[in-house]
Amino acid sequence: MASILLASGPNLNLLGEREPEIYGRDTLDELVGEARAVAEANGHSLDHVQSNHEGEIVDAVQQARNRCAAIVINPGAFSHYSLAIYDCLQALALPVVEVHLSNIHAREEFRSKSVTARAARGVITGLGFKGYELALRYLAEEK
Amino acid sequence: MASILLASGPNLNLLGEREPEIYGRDTLDELVGEARAVAEANGHSLDHVQSNHEGEIVDAVQQARNRCAAIVINPGAFSHYSLAIYDCLQALALPVVEVHLSNIHAREEFRSKSVTARAARGVITGLGFKGYELALRYLAEEK
Amino acid sequence: MASILLASGPNLNLLGEREPEIYGRDTLDELVGEARAVAEANGHSLDHVQSNHEGEIVDAVQQARNRCAAIVINPGAFSHYSLAIYDCLQALALPVVEVHLSNIHAREEFRSKSVTARAARGVITGLGFKGYELALRYLAEEK
Amino acid sequence: MASILLASGPNLNLLGEREPEIYGRDTLDELVGEARAVAEANGHSLDHVQSNHEGEIVDAVQQARNRCAAIVINPGAFSHYSLAIYDCLQALALPVVEVHLSNIHAREEFRSKSVTARAARGVITGLGFKGYELALRYLAEEK
Amino acid sequence: MASILLASGPNLNLLGEREPEIYGRDTLDELVGEARAVAEANGHSLDHVQSNHEGEIVDAVQQARNRCAAIVINPGAFSHYSLAIYDCLQALALPVVEVHLSNIHAREEFRSKSVTARAARGVITGLGFKGYELALRYLAEEK
Amino acid sequence: MASILLASGPNLNLLGEREPEIYGRDTLDELVGEARAVAEANGHSLDHVQSNHEGEIVDAVQQARNRCAAIVINPGAFSHYSLAIYDCLQALALPVVEVHLSNIHAREEFRSKSVTARAARGVITGLGFKGYELALRYLAEEK
Amino acid sequence: MASILLASGPNLNLLGEREPEIYGRDTLDELVGEARAVAEANGHSLDHVQSNHEGEIVDAVQQARNRCAAIVINPGAFSHYSLAIYDCLQALALPVVEVHLSNIHAREEFRSKSVTARAARGVITGLGFKGYELALRYLAEEK
Amino acid sequence: MASILLASGPNLNLLGEREPEIYGRDTLDELVGEARAVAEANGHSLDHVQSNHEGEIVDAVQQARNRCAAIVINPGAFSHYSLAIYDCLQALALPVVEVHLSNIHAREEFRSKSVTARAARGVITGLGFKGYELALRYLAEEK
Amino acid sequence: MASILLASGPNLNLLGEREPEIYGRDTLDELVGEARAVAEANGHSLDHVQSNHEGEIVDAVQQARNRCAAIVINPGAFSHYSLAIYDCLQALALPVVEVHLSNIHAREEFRSKSVTARAARGVITGLGFKGYELALRYLAEEK
Amino acid sequence: MASILLASGPNLNLLGEREPEIYGRDTLDELVGEARAVAEANGHSLDHVQSNHEGEIVDAVQQARNRCAAIVINPGAFSHYSLAIYDCLQALALPVVEVHLSNIHAREEFRSKSVTARAARGVITGLGFKGYELALRYLAEEK
Amino acid sequence: MASILLASGPNLNLLGEREPEIYGRDTLDELVGEARAVAEANGHSLDHVQSNHEGEIVDAVQQARNRCAAIVINPGAFSHYSLAIYDCLQALALPVVEVHLSNIHAREEFRSKSVTARAARGVITGLGFKGYELALRYLAEEK
Amino acid sequence: MASILLASGPNLNLLGEREPEIYGRDTLDELVGEARAVAEANGHSLDHVQSNHEGEIVDAVQQARNRCAAIVINPGAFSHYSLAIYDCLQALALPVVEVHLSNIHAREEFRSKSVTARAARGVITGLGFKGYELALRYLAEEK
């Protein structure tokens, strides 16, 4: 049974608390729970890491290359400047789907560009928690 | 039974023929067939329009406001400059998901920005035909 | 009795429905009605065309060169990118007034620049339906 | 009987003398005379101020808040950099119409953007003296 | 006997009328006549389409892929923003030569860049009607 | 007993009236009164000048060089373009603190850059009237 | 007795050593000592964290939301690119004052813009250690 | 005997005091004295105006059109943003030479561009007081 | 019998050797031979100069003004920065056609703009050796 | 015997695995081994730190100031945005050589600029492992 | 008797022929003759070099360092891109005055910036041949 | 015994004289002597060319392709704009190392980008004469 890494970037641990009109009222635990259910329903286990430290996201992604079959990542604010995360996603042979809760195209200018997204196979943005579920279904069904 | 509009922008009628290493070898008919199956499995019918004419996309989106429950749109090249399509998507009260077959963030600079995406609830990019299926499932399940 | 062409760009047929806090609650029919009244009061007839198709606006403007004395145009979203409309307005010898319902200088950055306006004699922006009336009075009285 | 302020920015006192092929051969006195006639025909009096001093335009606009019903302003060159005038127009509750004699969209790049126009309800540009008359009619009839 | 598509973008139907100091005094019919003569002298027939509608140019180019041996295109104003035309030219396996009557490098800034030209094999600009003749000779002789 | 110049730029005389949700409901007189109390409590007198005229601000700053020990300045809109004020602040040997009532970093793009601030020893922004008090305390205690 | 968080970004532990002509000769310990004295004089305790790790600053700011009444932060170099810190400051309901020892407006271009400052109530820059004292007095007295 | 206007912009009254390593140690009075001597030696009188007020420079330039034969102007900081001065210089038929004491090409980026210089016949920069003398000689000898 | 100057810029002497997948395998001698044949077939002689020295290209173009009837120039890399060549082409009254072997619009960004092309009557790009032949035919037949 | 710090930024631990066509097939251990041999041959010891955490690189550089004689650093992706590393390199009095395995000038635009390199004495880029050896020899021999 | 170098850049040998409405009808020989007369009247000899080769201008400027007292240079088109000339002017200890016949501030955008001017003591632009005379007088009288 | 070309761009013949605080006090002869010693110690001969003429550098690099095994080049100011040198370096199959005496990343903005460096295998910058020695050692040992 292959594992999928779910990596959550900075401030996603505040989910449910931070600007709920944008990010919703559910918490990260609920999100991970739902994601795990979808993964398991598709015959995968789910590894989750949340960190406010860019380096820990890089470490987790690197370690995934030997133990996971795919990655779902929401790099949060790191999407917009972390070339280090871009580089490690690019260095792996795993399929990656980047997810954003809100529609980054419709927000502040500085949020509309994701440098990490260039290393992903695809991106789902603006569909809330459902976006994670769709990403996981894609990874489970597609490859 | 509510209908969902699937709108396909310019050159998508060439699917299967045009740069298959980027867009795959399946045709638009196959894509629409798969999308219809997903929609119907979720209790919706599917209206499809493909056009190389910006104005026909605008017309179709406008007409959808009285007869559809939601829109899945791949504006193709229009994504990058059609403020007319942006305006009509913005004018409607319907949920919209924009879909791109390839990952626009990873391609030429001029493809990385979508002006129409600002009017969508969310965007799915880079997941091929699967992206349409996910968009339809989202719309069926979410609202 | 000379005719004046009133050309309305994409989504103006949604007037009264689309973002009424910006564009008002009256419909395009009412606008055309009022415009016709002003034109006729000044001894002109009014030709009206509304289209979501850039090419139809170009066609209409081209045909006006042999049958109209002046043009009032609200190119809507086309203002911001249609060099084709700019070129055909530029090619005519008729006086043109461009009208916008809302004040484009006070809205999103991408709306503050009009490429078609360079081919007009003048521009009236932000004065709602009244802007059309003023444009028609100008054309009737001035030349 | 309410008063309307007509404020004229720098070098407008040279009207009739300065680049007549762009600005026409009539003088500022003639323009003010025509504007006053229109205002009075609509039951208003007209206060006029012309100054080459940005500060005097700001002073005049500020004083208008207690004694005028509306403002017609041609900030001339100040349109392109005077954030001080922008701020005082923005601070008032009066309807403002900005007028330019020539079509600023069709001239040098640095003239195509007006920072003061963002604080106006609307803008009339390129219609010569007639633009003032239309602005006054708008203010008289609309509110 | 293979056919060559000659596609003419918006406002080229005004040839002879529009800014003759730039575009010359001959008409589109004369241009097509001359082009047809050159094509036939080289053993080809000539299909001509002129449209002010971007979508019709895209349609014509798409249809050419099954019935023409080559394309000569003057996209007019569409050169500067129609990614839809760029995409369909790119999608075909046919040799394409883009032609402009005037030298776009020597005109307004916004005319100096052609997005469609990236999909062409070559570009001839500034040589008037002769440019079409040269393009046809190239296509006849080269491949 | 040394004097401190408090210089207030354009529209600050509207304090209490202008956009009170941003600038508060207290008036300039109250602000100057509070500032004078702080200055006097620290053994200084306070000279105050408010002007909508850039030149008067320059004059006042120049005269301060012979009669004041320090300057607190809120150049208002002039912050964003008055190189003349920048030059005269730069020419003096006096310590200068620039103060803004609102946080300029969090407002419109054009307000986030202050050209005059480069000539100041420091800047306090976003702390309302309190910002003036802190600036005066700094100048009294530090040098 | 409420606590105030004082957060110091990268390289501030080198204070007294690093470019003393810009940052002064006193050390971070002295700065914290002075800040604590001011806080305690105003009835608050002071929590201090210094880190060269962006993630630790984010962690500390997040934890402050349950145990502090306000934040004084000098994000150092992180000011110019850490959207992660911006996001967590923005997510809190606490008043924040950003402090810089030197006047960032008067230094290298890349230092003149602070992305984190947008999430602060106010900013004090260029007043050295005194800036911290003023920030603390503001927070103690104002709210 | 024709008169020449010498117009000096903001802060030039500080000459001899302000940054003497850039602007030298002589005063404006000395500069005007030297300039007057050169003008008179060439059979002209010299009118001098110095002002920190943009509007006064505009007024003086406007008045020169009826009483002076030529203008030597050092707009100081106004060079870089005063479109009002540019407009009035442009409106006159008099020969204008713009002078800067220091070499603006070799200083800060924002000083390297002069908007007023576009309206001058020529510019002399970097030659100190001598630049004025050369400008006056040019005007005396050339026209 | 009039002469035509064929001027070849830097590195064109490496033709056949340099990146043959872009520039082809034929040599400059072959190109000049073919060009001479075309010129002579049209009753002209051909002067050829190739140089890696910008100054020699300028010299050759200047000398052509007295002894040639037209110029065909491939400035190579100089196209993108040599304002000196632009100036001398602009200074002549001769018809000039600029030729590039590859399609500069489809290559690196820095190659897509030609500063020298602004001084040409027309440009042929992307048609290989054939481009020279077409240019020569144009010059022979047209003027 | 003085020590030299060799600091390796994010993803350099993947050497030999990550994009071997760019970075080669040897591992970081081999690189460090070779570097240590060179250092020791020159009478120095080598401290090595690799981290995916920006903060750890900053910490290591700071600690080097008391225990190392020089620094060789490959900041990897951090080169392009870590002002924190730039600041700490700048704060030290040690000679620093920045090394990149690949030629950053020849890669993606965003890799061609190194903000950290401004704080180095020199930079060696594109010479693979050999670049480290050369940097160490330089530091050993030069100072 | 000291010598002054007069260096003339590309195409200045066409003076009198090239765009006489901009550059006048006199030739370079006449200009040099006039310049020599002024130099000799001031007790200097004049060395003149004109070249279309950037390298020859650099050579001449370098040689001037041992045999000339000053340099008057009109780099022509090289002004706008020759960092090599900038570097050699910067390397010398001689006073340099850059001269342009036309007012570069009032012409095409690409002509308004001179990179070589940064290395000059001063610049005279727009005063025609007279500009050279003034430059020589300055150098003779000043130092 | 293979030869290595050492090519030195403009003004490098002034070494020891030009801005010695940046470039050092040793001369080009000394530099070439040291370089030759290193080359010979590694079994190569050294060809040296210095020129202020871009064309001569291009010529020398072209000739190297048949007689040298590698190139060390310091293009000096040409680094920043000579696409001609870039093109010829790119056209060769020889390994190239670009060397700069000073650290171009730490100097003026316009020096931080090297267009020629894109064609090199690697770049060594900021290490003075030593940089040449390292480049030669690399070429000798590596290939």
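So that you can tell them apart, the chains are marked A, B, C, D, E, F, G, H, I, J, K and L in the order they are listed, and the count of residues begins at 1 in each.
As a working rule, a contact is a pair of C-beta atoms (placed from the backbone, for glycine too) under 8 Å apart; a residue touches a chain by one contact, two chains touch by 3 or more.
All of these numbers come straight from a predicted model, not from anything done at the bench.
Peer 1: Counting a repeat as over half of the contact pairs in common, which of E-I, B-E or K-L repeats C-D?
Peer 2: Interface equivalent to C-D, from the options E-I, B-E or K-L: E-I.
Peer 1: Rounding to the nearest 5 degrees, give the angle of the rotation that lays the CA atoms of subunit C over those of subunit L.
Peer 2: 180
Peer 1: Suppose each chain is reduced to the average of its Cα coordinates; what separation in Å results between subunit J and subunit K?
Peer 2: So the centre of subunit J lies 47 Å away from the centre of subunit K.
Peer 1: Can you compute the centre-to-centre distance for subunit D and subunit J, using the mean CA position of each chain? Integer Å is fine.
Peer 2: Spacing between the chain centres: roughly 62 Å.
Peer 1: So the centre of each chain is just the mean of its C-alpha atoms; given that, what is the distance between subunit B and subunit F in Å?
Peer 2: Distance between chain centres, rounded to whole Å: 54 Å.
Peer 1: So how far apart, in whole Å, are subunit G and subunit J when each is placed at the average of its C-alpha atoms?
Peer 2: Computed from C-alpha means, the inter-chain centre distance equals 31 Å.
Peer 1: On subunit E, where are the residues touching two or more other chains?
Peer 2: As it turns out, subunit E has residues touching two or more other chains at 53-56, 81.
Peer 1: Any two chains that touch count here, so list every such pair.
Peer 2: The set of touching chain pairs is A-B, A-G, A-J, B-C, B-E, C-D, C-E, D-F, D-H, E-I, F-G, F-H, G-J, H-K, I-K, I-L, J-L, K-L.
Peer 1: Considering only the defined contacts, which subunit B positions touch subunit C in the complex?
Peer 2: So the residues of subunit B touching subunit C come out as 53-56, 58-59, 62, 81-84, 86-88, 90-91, 115.
Peer 1: Of all residues in subunit H, which touch subunit K in the complex?
Peer 2: Result: residues 97, 103, 105-106, 112-114, 117-128, 130-131, 134, 137-138, 141-142 of subunit H touch subunit K.
Peer 1: What residues on subunit K touch subunit I, complex-wise?
Peer 2: Checking each residue of subunit K against subunit I gives 9-11, 13-14, 17-19, 51-56, 76-78, 80-81, 110.
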